[in-house]
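In the two assemblies presented below, subunit A is common to both, partnered first by subunit B and then by subunit C.
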Partner chain A sequence: MSEDPRFGLARHVSLPGPLRLDGGVLLSPVEIAYETYGTLNADASNAILLCHALTGDQHVASAHPVTGKPGWWVRMVGPGKPIDPERHFIVCANVLGSCMGSSGPATINPATGAPWGMSFPVITIRDMVRAQAMLLDHLGIETLQAVVGGSMGGMQAVSWPATFPERVRAAVVIASTARHTAQNIAFHEVGRQAVMADPKWRGGAYYEAGDPPAAGLAVARMAAHITYLSEAGLTEKFGRRLQARPDRPDGAISFGFDADFQIESYLRHQGISFVDRFDANSYLYITRAMDYFDLAGEHGGQLANAFRATKARFCLVSFDTDWLYPTAESRAIVHALNAAGAPVSFVELSSPYGHDAFLLEAPEMNRVVNGFLRAGE
Partner chain B sequence: MTDLRPDLAIIAEHVAPGTRILDVGCGDGALMAALRDTKRVDARGLELDAGNVAAAVSRGLSVIQGDADVDLAEYPQASFDYAILSQTLQTAKRPDVVLDHLLRVGRQAFVSFPNFAHWRVRMSLLLGGRMPVTRLLPERWYDTPNIHHVTIDDFRSFVGERGIAVEGAWFLSGDKRTGTAAANIFAEHAVFLLRKPN
Partner chain C sequence: MSEDPRFGLARHVSLPGPLRLDGGVLLSPVEIAYETYGTLNADASNAILLCHALTGDQHVASAHPVTGKPGWWVRMVGPGKPIDPERHFIVCANVLGSCMGSSGPATINPATGAPWGMSFPVITIRDMVRAQAMLLDHLGIETLQAVVGGSMGGMQAVSWPATFPERVRAAVVIASTARHTAQNIAFHEVGRQAVMADPKWRGGAYYEAGDPPAAGLAVARMAAHITYLSEAGLTEKFGRRLQARPDRPDGAISFGFDADFQIESYLRHQGISFVDRFDANSYLYITRAMDYFDLAGEHGGQLANAFRATKARFCLVSFDTDWLYPTAESRAIVHALNAAGAPVSFVELSSPYGHDAFLLEAPEMNRVVNGFLRAGE
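Up next is the complex of A and B:
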């Protein structure tokens, strides 16, 4: 099995498709970059699909090729962790529309031989899920032991049993929601407008010049990053502390517009480092997919209807300081699952770190996910 | 099931195998786990405390964090064979509403509660002149979660007025079962099995 070229780190496959997108377009071929960890057992019953967030990627537990940083969820995935390659066959794929090797605006449109840019079809969360299902077909996995994701990954995780009721036995949905609210859409629109206001964006056709709209994308990232943190967390980490300068180690107010405050410097750094690893057009497409997400809307306006056909077990986790996808959003999913009679566990955990808490050290979250997954083994 | 708290052991004994239950205020899921393991019961739980929920979920149980006063309303009618409320009635803001929901979502309901008319409680108040602090009610007046103390006779008249049928009643004193006679004085703890009037 280990010799199988389909399995391992840094895999890529071009599937003929076509994939019928929610927008009506037939996408072909469908490029998917992915990684697998662990060994698929003989009856292919130990597969866990991990779904990444907006700016995440397939490197869930391996070093990022650009930044060299450890995988984005090594606290959850790895030997001795709740999701363990010793027991599980773990699959993580770059989502459709992203820029780490899967089909997206930065990949080549076979019809033109040039990057898609803004001619790439608008996609939805459900399209991402359908592309993942195509990948599972390719890997020989009919049914998932579990699908697990946080934030936008949670949107995919909660969509999985709704879209493929027979193909998933359990779903773990962390710090997520069944729909984007007006406030969620509003923040994303700020980000998109920042990208599109950058003259270097050129209607999305910036690939040839090799000069992307870095300033616009950095501002988009700065605005979004604020929503991932809590007010209390920001106060604890930065307060009103001033940024050190060569001549003033304690910092000083400049009576100008330098990054006087540490929080300004931090956000600028977040913005600048983001543009090195992310494509501005992908940011537009994926935020759009999230804004379109409304699982109830896909099922006649009743969220419970999304879950009537599935026998999957569900586990939801929210964090008390997450104001991007607050606990009430998780509760709405829980209530719908109860109404549908689905087995569901839910806990709101306490953390000072806001939405980002699910990516950080959270022993209680690990304990819950571990127990939930083991109950299905 | 011998490790169960005595009131839970009584409930566990009388739940029919293979049924569907909702344990409201399920704590760390001890009763649910026992029912799942010994009676193939499909158990769901509702619990306020996040630490307890984490403990219950980590033993493989389906438990959601929530408040009986608020979240019971979200469960569909008659979706369980039994709804169970153990040592939680007296902590509810509106025990009457909680009980209504209990008998709405469950075809039958088990309710257990500490008896505030137990002789030790009576003596404590009568002689001490202070709010009683006993083995089953260990908190003081200001930090107790028990905001609606109830006696066995109160409960009987409450369900009687509402036409709720009592299909079983068990009493405990010092963790041992005790008789029905003068239970309102001699029982520290009561377990009732109820059914809504048709």
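Up next is the complex of A and C:
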């Protein structure tokens, strides 16, 4: 992490709160780990809030402290990119409930001096948004030039103008949805049951033993990962190709239970590497928040009602092979925005990569986001 | 089980074999548990072999001995149904590797006197077919009027004329495929990893302790179950509806990790009830056989080559909302049959229920199968 603000400053703040959560609990203090890129201008009008996905974090354009990998959205955020620290003051905060420094099950409950574990209050997407608003208060940002996010980040981005209609001038919602469907909930429930079935989970009290439910969390990650990729993308990338081995350089089926197929090896790697960087309880809490997400439900059952007070412009982007949050979910948001009279631009982009497309090289997505943001500057 | 042969006779045979498996192992003896319905006619020309799916069994039209539920295909098989014990001699055998009486990891390895566990040889779909052929030899059936199956049963049905081209006059392949795709393999690998991650799995040696890896198998079943249903079907059946509780008759989110949503409760039930009737090791072996299935690969990489020697007529049925084995997979088989000059009829049926549609009430499917079978009588 350089001291040049264009390249990201890692920060942490403990806000006294209390934050009243949707579940009724008052959370205090509220710890928020975040990064900023660029400089807030004199009238504090150039702030862009970036919202991360389920297993994302604040390291949007800086190296991940555990894996050393580049930030998760370096293709979108950086000098010369659509979200540009030369122009924008960029804020990305680890969401409430996560495990990269913000309040969550792995942080210390001040009342007990021990990690919260499963006594951490269950949170919602709107609670994440409220915590972000507290951070903006702390940073002296009254109004966002834009809030931008993909997947769960898009849920926050669409929730922002609904929750704080005066504080957002534009929202960019990518590969996302205004509610979790039965199938979305089903996949998350499988993941939670996989974690909870692991005896090492111990009802969430595994921190002190230092032996987390890695096997269960890896299975959860594997199941979820399938939903991030398209069938066609998997076929293109892996098909039925076999894993090369020292004794079988061309690959061959083993008539056993090793990872014969490349897709097996890939998925196992996804599972194993995930547990090094993510907390199992956070996985439970954040998936729960996503399953609870139903923006229409928060507004009397009519999605359009969520947008009646906002003055924000909206930009929605979906990908044609995304079967986790398919285009129809974005279109439902567009229809509601139309009904509410809110300005919205919408594009479905073509990609073979399914839901994950928003994290990959997607020049058209960059052009869309760039054009949309510049139109408001 | 009545003694009237129309209503099913439960049988078991131990064939000396040996059966040479695709993996090179000689299996002996080969235990086969099966049911028959109806009577074999004098020239043994009215036999229909029914092939069951991954978690199915020989109880196609008789009550399941553990659950007491009706047979899995009573809508298709029975007096007055398309497959009719008044006309046909119907054979349905538990597949090799399964756990309802046929040789599998839970049966006794005669060399050790203990259950095979993971020392049972890894098998293929073609091995299942070969074991069925041994059973037909035993029953004095040289040629099948038809082989019929859905899902993994369809893999056997399409493999039959490729493996024994002289022994099948017709094949009905429903909601199936000629090979497992990367996405198919991926879902199965998640299930296997869930089983193997359960400490009670003990490398497959859990039989003597009598304490099987139920939690892991339940997670595997939950993940698989999602693939059997369509997104639209899940939305129709469950949507975001909440589970009623004594203290919340209308349902309400609990801000906790109970099954708030009906879909969660349903999936948990599917997982828990499955472990009462299925062996975890069998689940590993059968999913492996399905993942290995690649009928083109068995025939020099050209699917049409699989059918060059057969005289059979084919009937293919797919369902438009089946995303496990989508219509494109059936169409690939149809194209190969066309290329091989084999007679084939194909229909894609409309259903909201996804892959599971073939097990549900589907009058059109029954009409198609009935017409196809009668055309050969």
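The working rule: the second predicted complex is superposed on the first by the 369 of 377 C-alpha atoms of A that agree within 3 Å, B and C clash if a C-alpha of one lies under 4 Å from a C-alpha of the other, contacts with A are read in each partner's own complex, and residues count from 1 in each chain.
Please note the rule applied: a contact is a pair of C-beta atoms (placed from the backbone, for glycine too) under 8 Å apart; a residue touches a chain by one contact, two chains touch by 3 or more.
It should be emphasised that the depicted structure is a prediction, and the values quoted were computed from it without experimental measurement.
Engineer: Is A:Leu349 contacted by the first partner subunit B, the second partner subunit C, both or neither?
Structural biologist: A:Leu349 contacts subunit B only, not subunit C.
Engineer: Now for A:Val334: first (subunit B), second (subunit C), both, or neither, which partner does it touch?
Structural biologist: A:Val334: touches subunit B, not subunit C.
Engineer: Using the touch criterion from the header, give the chain among subunit B and subunit C with more contacted residues in subunit A.
Structural biologist: Per-residue touch count on subunit A favours C.
Engineer: Which partner does A:Phe238 reach: the first (subunit B), the second (subunit C), both, or neither?
Structural biologist: A:Phe238 sits against subunit C, while subunit B stays out of touch.
Engineer: Output check: A:Phe319 vs subunit B and subunit C. Expected answer is one of first, second, both, neither. What do you get?
Structural biologist: In the superposed model, A:Phe319 contacts neither subunit B nor subunit C.
Engineer: I'd like to know which partner A:Asp198 touches here: subunit B for first, subunit C for second, both or neither.
Structural biologist: second
Engineer: Check the residue A:Asn370 against both partner chains and state whether it touches subunit B (first), subunit C (second), both, or neither.
Structural biologist: In the superposed model, A:Asn370 contacts subunit B only, not subunit C.
Engineer: Can you give me the overlap between the subunit B contact set and the subunit C contact set on subunit A?
Structural biologist: none
Engineer: Can you check the complex and tell me which residues of subunit A touch subunit B?
Structural biologist: Per the touch definition, subunit A meets subunit B at residues 313, 315, 331, 334-335, 338-339, 341, 343-350, 364, 367-368, 370-372, 374-375.
Engineer: Taking the complex as given, what residues does subunit C use to touch subunit A?
Structural biologist: Touching subunit A: residues 22-24, 118, 121-122, 179-183, 185-187, 189-190, 192-194, 196-199, 215-216, 218-219, 222-223, 226, 229, 231, 234-235, 237-240, 253, 255-257, 259, 261, 263-264, 267-268, 271, 284, 288, 291-292, 294, 297, 323 of subunit C.
Engineer: Can you list the subunit B residues touching subunit A in their complex?
Structural biologist: 42, 44, 50-51, 53-54, 56-66, 71, 74-76, 79
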